[in-house]
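Following are the structures in question.
One chain, chain A, links the two complexes that follow: it is found with chain B in the first and with chain C in the second.
What follows is the complex of A and B.
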């Protein structure tokens, strides 16, 4: 595999993981603009663990996901008291706080950044990206996923039917954060260097953007969004300086033509029916 | 089973066997300084079909919201199956025995019909293993079969895989009832189940509700269609300005001068 191709693939795989980090809270109706903060925590925690304690990069990355999961559950208590735009602002503020924390933590290099000694190749990242997709796709088929959609669509009715709305919202937020932390750890162990500037609001916004482009109604939306967002700039490379302008135009066009995202639940059901798939949705009664 | 019981007024203590399945005692509700429900008491017997009627703004839907816990009561007690549920959070009330539908259809629009009905089973799900079971893909599972059967009984089988938003209003109303039934509750609160239905649909709904009641469920409807109420219900509670002004069989309440006045206005003017 050429170095260029491998580089693009790694970014793609990481973007898939980050996409699901944003997808989970969105699936429960929350916009998390602080995802970069969780990615950063995962990157620093795992790098510190493997640098200072010789923890294997695999374990360090999984551990980073667990740390951000717990951190998100704690943060969820105050943050999820807010709604809508205020929730987005609260997560944004949280992300900013974390970024300035990284800037001032001398033990991990502060503004100068932090080298990561252990290395994780594309294979490991692919395994994790696949696992993230599988976990999400599986949970979506369960009652947990069903209840999550109910919470997203109508909190009051979900509550009356016995769904613990706050618990589902907190879990969605935390599962997303766990994926963010995992992705952060993988990033650091692949690129061997992390710095606070990586974890800015721009990062959060671009992930949210490509998840919305892909669509949040089905588990395939984020996947498609990540592909679209990662590969399109590469395909447009030939157009030199017009590259980003064309990219921006294509994004705007997508938003106009496909306001619900590239894949929607209805279309997915139609495809399933076509192939007589194992889903309930495809069941016909004779 | 089919023995008709007379309208039951909540006065005095009754032996448990004859106690109403749903009972409101002196329930009041104020929003700020505005009292929308005042000292409301009535009881509903098991298997009975009761209507809560009254002019617009009489507080009928508010009573449903109080029973299902959407709002806390300002005063009074609500009992289901002899258990006081006044302080029980709304999330747990279906487990205690009251389920409901909504005046404006409140189905989960991003789910299919069958999946919406699966949501109705939530009050009976306790184990983590069941929460993490891929029920949306396992059509043969106990829960999915039960939901499919429920749709079949409601005559909705053909819509199982459709997205709810694409379906006609009358069908969506029926899905709400099917969903409300699967929570295992004894008491079914139906907020204007016949509103927006055509005559054939209304007739079918009446039959359906009768057979549901015969299976032992207790039905309370808020309804404007008086013909529907007369044909379906054996017990009527009339509200006006948040107060009970009459209670009895449909024929009885129709004779009450206060009811006539509330609906048609007084002769004084």
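What follows is the complex of A and C.
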């Protein structure tokens, strides 16, 4: 595999993980604009663990996900008291706080950045990205996933059926944060260097953008969004400086033509009916 | 009154207030096992607020709710659904991004025993053949009447002993209203208790064993449909004091 291709693939795999980090809260009706903060925490925690304590990069990355999971549960208590645009602002503020924290933490290099000694290749990242997709796809088919959609669609009705709405919202937020932390750890261990500038609001926004582009109704939306967003700029590379303009036009066209995202639940059902003759039969077809 | 039969649901001096506005001012009602009870009254009489506080969607300011002999805590809907109390909310509130099948399954989302869940699902489909044909379709494709059937089916998935319905006939054609009440009568024949909040007084009194009439948050009359008709209480509640002379 050429170095260029491998580089693009790694970014793609990481973007898939980040996409699911944003997808989970969105699936429960929350716009998390602080995902970069969780990615940063994961990157620094895992780098520190493997640099200072010699923890294996695999364990360090999984541990980073656990740390951000717990952190998100704690943060969820005040943040999830807000709704809609205020929730987005609260998560945005949280992300900014974390970024300035990284800038001022001398123990991990502050503004100068922090080198990561241990290395994790593309194989490891692929395993984790696949696992993140599988976990999401599995949870979506359980009662847990159904309840999550209910919470997203209508909190009052969910409450009516005895679903603990707050618990589901906090869990969605925390599962997303765990994936963000995991992805952050993988990023650091692959590129061997992390710095606070990586974890800015721009990063959060671009991930949110490609998840919305892919669609938030089904588990395939974020996957498609990540592919689209990672590969399209590369495909357009030939057109030199025009590529960003073309990319922007394509994004706007998607928003106009496919406001629900590239894949929607209704279409997925139609495809399943086509191949299986029924929802249940369709499920076994995958 | 069925004095000897033990009440399944009972409220005692229930009060509900939104800020300084008192919607329910001390209402005591009861429903015995297998009974159909209607709560009647004009707009703003406090019918829906009464239902919501029984179900725990709003916390009552005073009084208490007892179900199956136990006092229910305020604001804890899962205790209701787990205990056998289900609510079909006003306006149906179907989840349109889900399929018919998923909507029904949602009704059982708090049930511990999932073993015979599929059997219950089939029983619902056997009852509502329209839903059976549309299992895998989005619930948004259903007509208003079918959505009401889905909302009732969804509530039945929780295996209630008492079903509460908030204005189920709202927005349905006269023909569908007839079908709806026929369904409620059937469900009651099978032993299900029903507490019905309804503006369609005539229809409600055709199936109710007893009814309460609310006016501005207070219970002004109760009794069997015949008693209420004879006493002119219904007209009084809807038309004001002058109507009764």
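Following the convention adopted for this analysis, the second predicted complex is superposed on the first by the 276 of 286 C-alpha atoms of A that agree within 3 Å, B and C clash if a C-alpha of one lies under 4 Å from a C-alpha of the other, contacts with A are read in each partner's own complex, and residues count from 1 in each chain.
One rule holds in what follows: a contact is a pair of C-beta atoms (placed from the backbone, for glycine too) under 8 Å apart; a residue touches a chain by one contact, two chains touch by 3 or more.
None of the values given here were measured: they were computed from a predicted structure.
Q: If you stack the two complexes on chain A, which partner ends up touching A:138: first (chain B), second (chain C), both, or neither?
A: A:138 sits against chain B, while chain C stays out of touch.
Q: Of chain B and chain C, which one contacts the greater number of residues in chain A?
A: Here the partner covering more residues of chain A is B.
Q: Should A:164 be classified as contacting the first partner (chain B), the second (chain C), both, or neither?
A: After superposing on A, A:164 lies in contact with both chain B and chain C.
Q: For A:269, using the defined touch cut-off, is the partner it touches chain B, chain C, both, or neither? Pick first, second, both or neither.
A: both
Q: For A:234, is the partner it touches chain B (first), chain C (second), both, or none of the two (neither)?
A: Neither partner.
Q: Quick check for you: in the superposed arrangement, does A:156 touch first (chain B), second (chain C), both or neither?
A: Touch status of A:156: both partners.
Q: If you lay the two complexes on top of each other, which residues of chain A touch chain B in one and chain C in the other?
A: Touching chain B in the first complex and chain C in the second, residues 143, 146-147, 149-150, 153-154, 156-157, 159-164, 217, 265-266, 269, 273, 278-279, 282 of chain A appear in both lists.
Q: Flag every residue of chain A that touches chain C in the complex, lowest number first.
A: 143, 146-147, 149-150, 153-154, 156-157, 159-164, 217, 265-266, 269, 272-273, 278-279, 282
Q: For the complex, which residues does chain B have touching chain A?
A: Result: residues 68-70, 90-95, 100, 102, 106, 108-112, 114-115, 118-120, 122-123, 125, 130-137, 139, 144, 148, 152, 157-158, 160-161, 163, 179, 183 of chain B touch chain A.
Q: Residue numbers of chain C touching chain A in their complex, please.
A: Interface residues on the chain C side: 55, 57, 77-78, 80-82, 87, 89, 93, 95-99, 101-102, 105-107, 109-110, 135-138, 158.
Q: Would you pull the chain A residues touching chain B in the complex into a rising list?
A: Checking each residue of chain A against chain B gives 138-147, 149-150, 152-154, 156-165, 217, 265-266, 269, 273, 278-285.
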